[in-house]
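The structures come next, written out as structure tokens.
Next, two complexes with chain A in common: one pairs it with chain B, the other with chain C.
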Partner chain A sequence: MNRLKASKLDILIYVGPALVLLLGIVYIPILQTGYFGLMEWNGIGQKTFVGLENYFVLLQDTKFWSSAYHSLILAVASIISLVFYLAIAVILASRIKGANLLRKIYLIPMLLASVAIAQLWMKIYNPTNGMLNIFLMKIGFENPPAWLGDANLALYAIILPTIWQYAGFYILIYYAALKNVPESLVEAARIDGASSLQIATKIKLPLIMNVVKVTIVLAAVGSLKYFDLIYIMTGGGPSGSSEVMASYMYNTAFNKFDFGYGSAIGFFLLIICLVATFIIQRLTISDKDLY
Partner chain B sequence: MEILDEKLNMPEAIVKKASERSLIHRIGKAALYAVLIVIALIQLFPIYWLALFSLKNNYEIFNLSPLALPQELRFENYIKVWTEGNIATYFFNSIFYTVSAVFLTILLGSMITFAITRLQWRGNKIVLGLFMLGLMIPIHSTLIPLFNTYTAIGLINHPLSLILSYTAFNMPVTIMILLGFYEALPHEIEEAAIIDGASIHQIFFRITLPMTAPVIATAAIINMIYNWNEFVFVNTFISSDELKTLTVGIQNFIGQYSTDWGAIGATLMFSIIPILIIFLILSDRIVEGIAAGSIKG
Partner chain C sequence: MQRIKKAHTLFLAFIVGAILVLGGCSSSSSDSSEESDGSKVIKFMHIWPPGSSKTQNQIVESVVEKYESDNPGVKVQVEYLENEQYKDKIKVLSSSNELPDVGVTWAAGYLKPFVEGDLIADLTDVLAKDNLKDQFVGGTTEAYAFDGKTYGLPIELNIAPVYYNKEIFEQNGLEVPTSYAEFVDVVKTLKAGGVTPIALGNKEGWTGSLWYMYLADRIGGSTLISEAIAQEVSFENPALEQAAADFKELAELGAFSKGTNGLSNDEAKVEFLNETAAMYLMGSWELPNFTTSDETTQEFKDKIGYFNFPNYESNAGEAESWIGGPGVGLFVSENSKVKDESKEFIRYFIEEWGKQSFTKAGVIPATKVDTSSLDLPQMNIDVLDDLNKAKNITLFADVQMPASAAEVHYNLLQSLVSGEITPADFTKQTEESLKSAK
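Right after this comes the complex of A and B.
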């Protein structure tokens, strides 16, 4: 492969603008977040250096740990739902007519604005006029729950639309991977008398394991930084029962104007996501085999 | 990408030897279809319900069955929110930010992908690595410093704060989508152009960029969807109503009209309809872009 020779100026012209934007808007700010975490600061006035105090407070902040726990529940739920997505993709990839159309239909919710999804599901969960409770009352439940208004249920009520929202995304990825499995292998197994189930579990699944690993960590990292639906549907409530790390950070900084502490939370969130990313790279060393 | 040899039905003949097995096979197949179709209905049903109640008045919504068709199609909900609720302003703001950011992202993304895959320079692996790592960085970890910086340089409550942020944060996924296509492009045409005395800029703008039109379309659509739907940056950086986008504007509007479900439904439809139209026309590109922007690379 011969690369074109270019002058330093030309390289600068082609690489510079995108790189400056990435450094200025993504990388420098994450360093600043760590630094601002060392300050006591309301966002407008003077910053006062307080050392690691915010970080020490964070380690003992029960509200933070409960939000981290909620993020973890979200991550576990989204990883479990991958099994379900994978099963659907396996079915879709097994000589189903119209598979292409179906996977596109599955994708639609993921293309919609999270605000629209959140507002739509708030209507579905509406205690008196929502579709869900109207249905529950029709089939005989006298006192259906308030869902988003119920501290025991709010977090789980938000998990459902996230599963709905991302279904098409993961099914699409699995479907593409399954279709990449060489047809000759499948044919050979079929001629040897393997059933469809055996072909799926013994031949196809092991071959797409690398993709599965990547999606596990994608789902985990995505859940750890999850924000939109929670912020819009419950704002983290009722009484913190659906607060996650990103919403706790946002509420601390932009609603309580504690920018120093908010920065410390933001930095912690970053570390957690990068650790998960490190795991991705460890898991996908042999990814090139497939693609 | 699509390797569909579904027409190769040769082994099916072997299965059909035993007619009993064939029957079980067919019942099984029917059950699988039923599962797939039920899931498709679940995916579409909330949107269908939304479309229904956006065309009803409160009486119909609260007193009649949720699945009843509207007694008459009340497009006045749409007209009302378009004229009274600032939705028109939000709508055009969304278009403006989306188009500007998509243009900038595609131009700069194409240039840097060209440099990474075509030009000879040290450090291209490191630069690519920086962009790929950028995919994993949570937006929330950058919000406070960005808010601080934009305030300091007068970009808070300014369209540029959004356009620049969208461009930077969508650059990694854009490069990821473009990269595969660039790597597959033959080098011979460029080499011939060099021999003919073309400059790097001529090669990029006259040869490479036009050749990558299909993947540019894919990347542009994915960017468009992300920008159109974006919420956190607008919610944080934009305070004046005239500059808000549809996503944040809807959120405010719903706060004010929380009891008028028909109007709320209509505002949500204004955010959804453009995406659905694009989906109907370009679903193949969207599928391709999401697949390329998620795992490979």
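Right after this comes the complex of A and C.
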């Protein structure tokens, strides 16, 4: 069994192209970013080696930590939202009428480009002509909030469309996983007198736990490096109140022309994501031993 | 076994094919400054896509066409991108030393790193030749000069008037204000009349900065703000703090669009175009919307007038002073293989652009325009005359400030609007950012 069936040349030919692309597009740029992070560099002129200074500055940069805090809020919100996605998927998978159609409806936001979603929600949130505020004024609120223009609300006003945007993706994953639960187990439980709720929580959920773990990692890491909607809808504003780590990195590198520091933020973000992945996997590993 | 072998061969053939195709791509797109027929190629990148800047795009096309027919043996290869994408792409191209031969640039702070990186050619000789410099409006080429050498030639000049809706003013019994106190009264009356006094999208920051710059100019006089930005004097100055206090007061009066900090400039502009807001302070690049553009109705255009930001009480500033500055200019890449041809091309371009841009696109060129010989809408002529009379043009904040300080400046203006900081915090933090950007 251990004998290689193919020659080494064949392996090289098959793996080579993907490996070259992966190295060239992902791993080498990561190393480069780490290298640029050690420089003082405006992106154009001379690079000056400053060692770890950028990282020391970063650790004391209150703006960075407040953006990290915003990223954390986003991550927590998306992990909590997984519960709703899971609940919807359980209902869809339980052979209700029109499940197929509903599943497609939930998927639609995922098919839209982020820019389109951002534009759509900016229209909804428009403080004077937006659908939301017109509705609020119709039902009697005299002075509805300015949503994206309000420093206290902007971040939360963006979290809502993010949750909406990814609903289809996670529901699809959960739905597929739930469909893989053997029908015989469900029937056996039903014969033993288990209620629908019991079947869902005691039979189906434990069986798809591995998938749930993967989605938690995906949601957490995805939120930590989240960028699109924030960049378009508020650009991190008003006065930095919706800045997340990735948008802070972008603003530093491309608007303030500080590529050295921007690269340091990028590299640090990578480390944070790796650590987060590691921690989440550690936290969820004990569940695996139960089954 | 046989079948596996066949699949194997197919796969190899595919790989070889792919390599050939990819190789073909790279060789055809590689930088050749000469065509196969021996003619030279100038690569020109600009910021006017046919969709969003139709007339500018057409002017470029016509100039390029004319240039090519006047100069056989030289071809101009044009590429365009929208503003922000253009900036990003130029950034990336410059870090790999692949700037186009001729491109669009912004003045002062934006241009500086390119000059320091020796990426852009010195154009002083182009300006000196045949007194080209005399054709420019005074003070416009200076914004592109470093250490006495000019690195870009401006093709646009903008000032920022306050556009206003005459009909709304009439309905509320208002006249064009002649002092800042009157201006505040206008704001209060409009607010009481249920109209948004000022359309402002402060999400991008530079929009609010226009208001702040005017206040600073009127209170502190036309040189103070520039000196403070250049750090010749401290930014922590009573006049600049007063300007911040007035800006904050306007926000507290509800002068600006609701949720202004979350609105883009385009969103705010819609309020002015829909006549739900009475005033709109913006660069003269908006003029076509109120004069020649097909996108607004004649009925609307007739309602729109403009005035210069009024004098402050006991002021040091003067109403003949405007906030404005050269818009974009052209540069030639230092490493261009066709540098001489490129220099000739921008010279040619600037002259042709000067003839066409104002009449066709309503864009004021940085070269002088003789209004008497042109058939133009009255408002365009008025703006141009005001520009010729202008005693001073204070440059836009983002043109004067280093990029990092400008970012801080915008954020602070948003914080002023939302009431998170005091005017004293504003000047203090601006001073700090200007210091650390040095």
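By our rule, the second predicted complex is superposed on the first by the 262 of 291 C-alpha atoms of A that agree within 3 Å, B and C clash if a C-alpha of one lies under 4 Å from a C-alpha of the other, contacts with A are read in each partner's own complex, and residues count from 1 in each chain.
In this section, contacts are C-beta pairs under 8 Å (C-beta built on N, C-alpha and C of every residue); 3 or more make two chains touch, one makes a residue touch a chain.
What you see is a predicted model; the values in this text were computed from it and never measured.
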{"item": "Room on chain A for both chain B and chain C (clash or fit)", "value": "clash"}
{"item": "Touched partner set for A:Asn255, first chain B, second chain C, both or neither", "value": "second"}
{"item": "Which superposed partner A:Ala200 touches (first chain B, second chain C, both, neither)", "value": "neither"}
{"item": "Touching partner for A:Thr234 - first (chain B), second (chain C), both, neither", "value": "second"}
{"item": "Partner chain(s) touched by A:Ile159 [first = chain B, second = chain C, both, neither]", "value": "neither"}
{"item": "A:Pro17 touches, of chain B and chain C: first, second, both or neither?", "value": "both"}
{"item": "Touched partner set for A:Ala77, first chain B, second chain C, both or neither", "value": "neither"}
{"item": "Chain B versus chain C as contact partner of A:Leu111, first or second or both or neither", "value": "first"}
{"item": "Which of chain B and chain C A:Ala264 touches, first, second, both or neither", "value": "neither"}
{"item": "Per-residue contact with chain A, leading partner among chain C and chain B", "value": "B"}
{"item": "First, second, both or neither for A:Leu178, with chain B first and chain C second", "value": "neither"}
{"item": "Set of chain A residues, in rising order, touched by both chain B and chain C", "value": "10, 13-14, 17, 43, 254"}
{"item": "Of chain B, residues touching chain A in the complex", "value": "1-6, 8, 10-11, 14, 32-33, 35-37, 39-40, 42-44, 46-47, 49-50, 53, 61-62, 66, 108-109, 111-112, 114-116, 118-121, 127, 130-131, 133-134, 136-149, 164-165, 167-169, 171-172, 187, 190-191, 194, 200-201, 203-204, 225, 228-229, 231-232, 236, 246-248, 250-251, 254, 261, 264, 268, 271-272, 275-276, 279, 283, 286-287, 290-291, 294-296"}
{"item": "In the complex, chain A residues that touch chain C", "value": "10, 13-14, 17, 42-46, 122, 125-128, 146-151, 154, 234-235, 237-240, 251, 254-258"}
{"item": "For the chain A and chain B complex, residues of the former touching the latter", "value": "1-7, 10-11, 13-15, 17-19, 21-30, 32-33, 36, 43, 88, 91-92, 94-97, 102-116, 119-121, 123-124, 129, 131, 134, 164, 167-169, 172-173, 176, 179-180, 183, 187, 190-191, 211, 214-215, 218, 221, 224-225, 227-228, 232, 246, 249-250, 253-254, 259, 262-263, 266-267, 269-270, 273-274, 276-277, 280, 291"}
{"item": "Residues of chain C that touch chain A when the two form their complex", "value": "8, 11-12, 15, 18, 87-88, 91, 94-95, 113-114, 116-117, 119, 196, 202-205, 257-263, 267, 271, 276, 403-404, 407, 411-412, 414-415, 417-418, 420"}
